[in-house]
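Going by the order they are written in, the chains are A, B, C and D; count residues from 1 in each one.
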């Protein structure tokens, strides 16, 4: 390799095409060394599109909103309750805990040390959850951060924050919005964003 | 101003020519508003070239090395002792304190909260003293930082660090090197760097 | 102080990102897939990644996007442990830079895929079946200790020296990790859900009844 | 936590600068001259600059060279206090960007120069002639308190909650500032030279007999 080439590539070290090439090189080496299967990456990505994603969480919330006995069981033993709906737990959800937001208490989940997140119910964490500025600010200035997410709590609402650091993964049952009486679980589930299930959004009907 | 001009200047906001122009604009406004004299900036810079500079500190150290009674007075009351040599104190030196490095104790001065420095004896602080990485590391890893300054202490030398935070400004009398017996104060003073008078250098004869 | 161990409560860091995508560039999916393969086949576990993250220059930690940091941590780890070497990785990187559409080798171990999927459904349950003799009980006031800086910790920086109340003693002992150095959470031990009032943590903030919950390993606590 | 109040002891920040120049660009001299004029004529004092420095984004604090931060702090302060306005500053900046050799106005107040030079020889003695009733005495163990985050502090972050021994009680009361909000050092009070063993501050470091001295305002201390 000539010096010119070296300079060329050195220059690229902090570009997306460099990261992409390096990642491709990494998988390529894993394949050469038989450390990975040819379909492993695709199956992993597909897994989070079909098996573990926010569609699970939304289904759980809709059931909790419409079935008080289920909600009681969900709050008592989250892993057992989601199994009733055919949702499997697993990695980053071996020990799930659901908490319920109401008109007077708003729950927020964060992980200031890394990015702990309830994968079986919500899939993989969105970028905002992993962003250092979010993690720095949410615990000390939750109302200001909520505003940046477009959420204003009514005056007097108390905030309870869950900062994951051991082995429990937290999941928020948001408050059910007015005007949804008699809705089907499917229709309710469509209202529920990933953000709402970690307390960075409130569910509304427009 | 056209949009094009605005974009042009916006692009320059983090360049040295922008900072230079903004500084010039600032002094220009001060002149227009009679907040400054036409020669004030020059006199300030000249002041630190002629009145307050490391030449003062070096003179004090050379005297302390050659006159034990002076050194005793210097350690007891730094401001009074330097007045004996005709050195005036003043800003950032209203309360000076000298500490003496020896073969067994090496003193280092820092200011982790800002850049406190004994102006009457050393003039203005060099860039390294103000650098955040220096201030972060010197208190916790003094030997590693000394190495980056090219200084290796002999094994067993104890380090004492002075982290300024109230109103005292610290000044180090470095250990006098061997091989300088009988030297004049002027010749000794030439050996003494600014860094040595804050503990980031040791005085040697080559 | 490692800033990454004290991230919560850091002031003046500017606006938050509200980006809702998981992966913001396509290559991040591939990287994540390789990472899950490493997890599922036991090449590494979260604590190895965290050691790298906590050992980073704190300014770089803020500067680089999430998966860019993973790329650095993963490749450094794989090179250190001799799974790959830097020269072959660099050579192939240059090859794919110059030939971005070149295919991956049609090789590999087909058994890995099922192993990884099984792993994702199984996870790593942290509970260990050892005697649990918790030192603290529900309702007790506890103070978070302030131990020395560690290579890796699960002690949340802003909770050091703060007092909270035990709300729950978890039913079994938890093993955090036995494969990386930590500040004494490498043996199975009780964990507690501790409730803190945020006014006690940040008294300079407008007063509220807000609370903050953390699950804390026993070794990080003393009676208050 | 404001990182600038906890700078000492921050890990993994990379190599130090060994740059020995005071001013690394010519414009920095001019800026410093204007700053000394502001000091000498009472427009501002160090605490005003420190409020700006401690209120900065911590990443910017690391990113920008020393006098670039001063330029930002000085101009923001002067605009806030209506000494200048941003529009006229910006307009003149553009003028000097386009005409870098254009002269400064031949105007000004000649009396300011002597006032500034006098000030530099006089300084601001912090001692105040009020009764000194120090709470602690030489040889006593003291613990540094852990007060709420303040707009401006002289409490060194890494000393919070650490125990040292009083080596000297300074002879008179010290006023830190009466012009900016602080964490209670705006009234004259005793200060103490306190000696800490660095092994007590950073127990994870190789053990030595190294010591660290700090002058601490009484309000930051309690008996240990």
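To be clear about the criterion, a contact is a pair of C-beta atoms (placed from the backbone, for glycine too) under 8 Å apart; a residue touches a chain by one contact, two chains touch by 3 or more.
Here the structure is a predicted model, which is why all the values come from computation and not from measurement.
Participant: Can you name the chain that lies farthest from subunit B, using the mean of each chain's Cα atoms as its centre?
Facilitator: Computed centres place A farthest from subunit B.
Participant: Can you check how far apart subunit B and subunit C are, centre to centre, with Cα atoms defining each centre and the answer in Å?
Facilitator: Centre separation, subunit B to subunit C: 43 Å.
Participant: Averaging only over C-alpha atoms, locate the centres of subunit A and subunit B and give their separation in whole Å.
Facilitator: 52
Participant: Hey, how far is the Cα centre of subunit B from the one of subunit D, in Å?
Facilitator: Chain centres of subunit B and subunit D, defined by C-alpha means, are spaced 15 Å apart.
Participant: If I count partner chains per residue in subunit D, which residues reach a count of at least 2?
Facilitator: Residues 9-11, 13-14, 62, 158, 202.
Participant: If each chain is a node and each touching pair an edge, is that a line, ring, star, complete or other?
Facilitator: Basically the chains just string along in a line.
Participant: Determine which chains touch and list them pairwise.
Facilitator: The complete list of chain pairs in contact reads A-C, B-D, C-D.
Participant: Can you list the residues on subunit D that touch subunit C in the complex?
Facilitator: Residues 1-3, 6, 9-14, 55-59, 62-63, 146, 148-150, 157-158, 161, 202-204.
Participant: Looking at the complex, which residues from subunit D come into contact with subunit B?
Facilitator: Counting only subunit D, the residues touching subunit B are 4-5, 7-11, 13-22, 24-34, 36-37, 39, 41, 43, 46, 50, 53, 61-62, 66, 68, 71, 74-75, 78, 83-84, 88-89, 92-97, 100, 104-113, 116-117, 119-127, 153-156, 158, 174, 176, 191, 193, 198, 201-202, 205, 208-217.
Participant: Touching residues of subunit B toward subunit D in the complex: what are they?
Facilitator: Going through subunit B, the ones touching subunit D are 1, 5, 9, 12, 16-45, 47-48, 51-52, 88-95, 110, 112-115, 123-128, 130-142, 145, 148-149, 158-168, 194-195.
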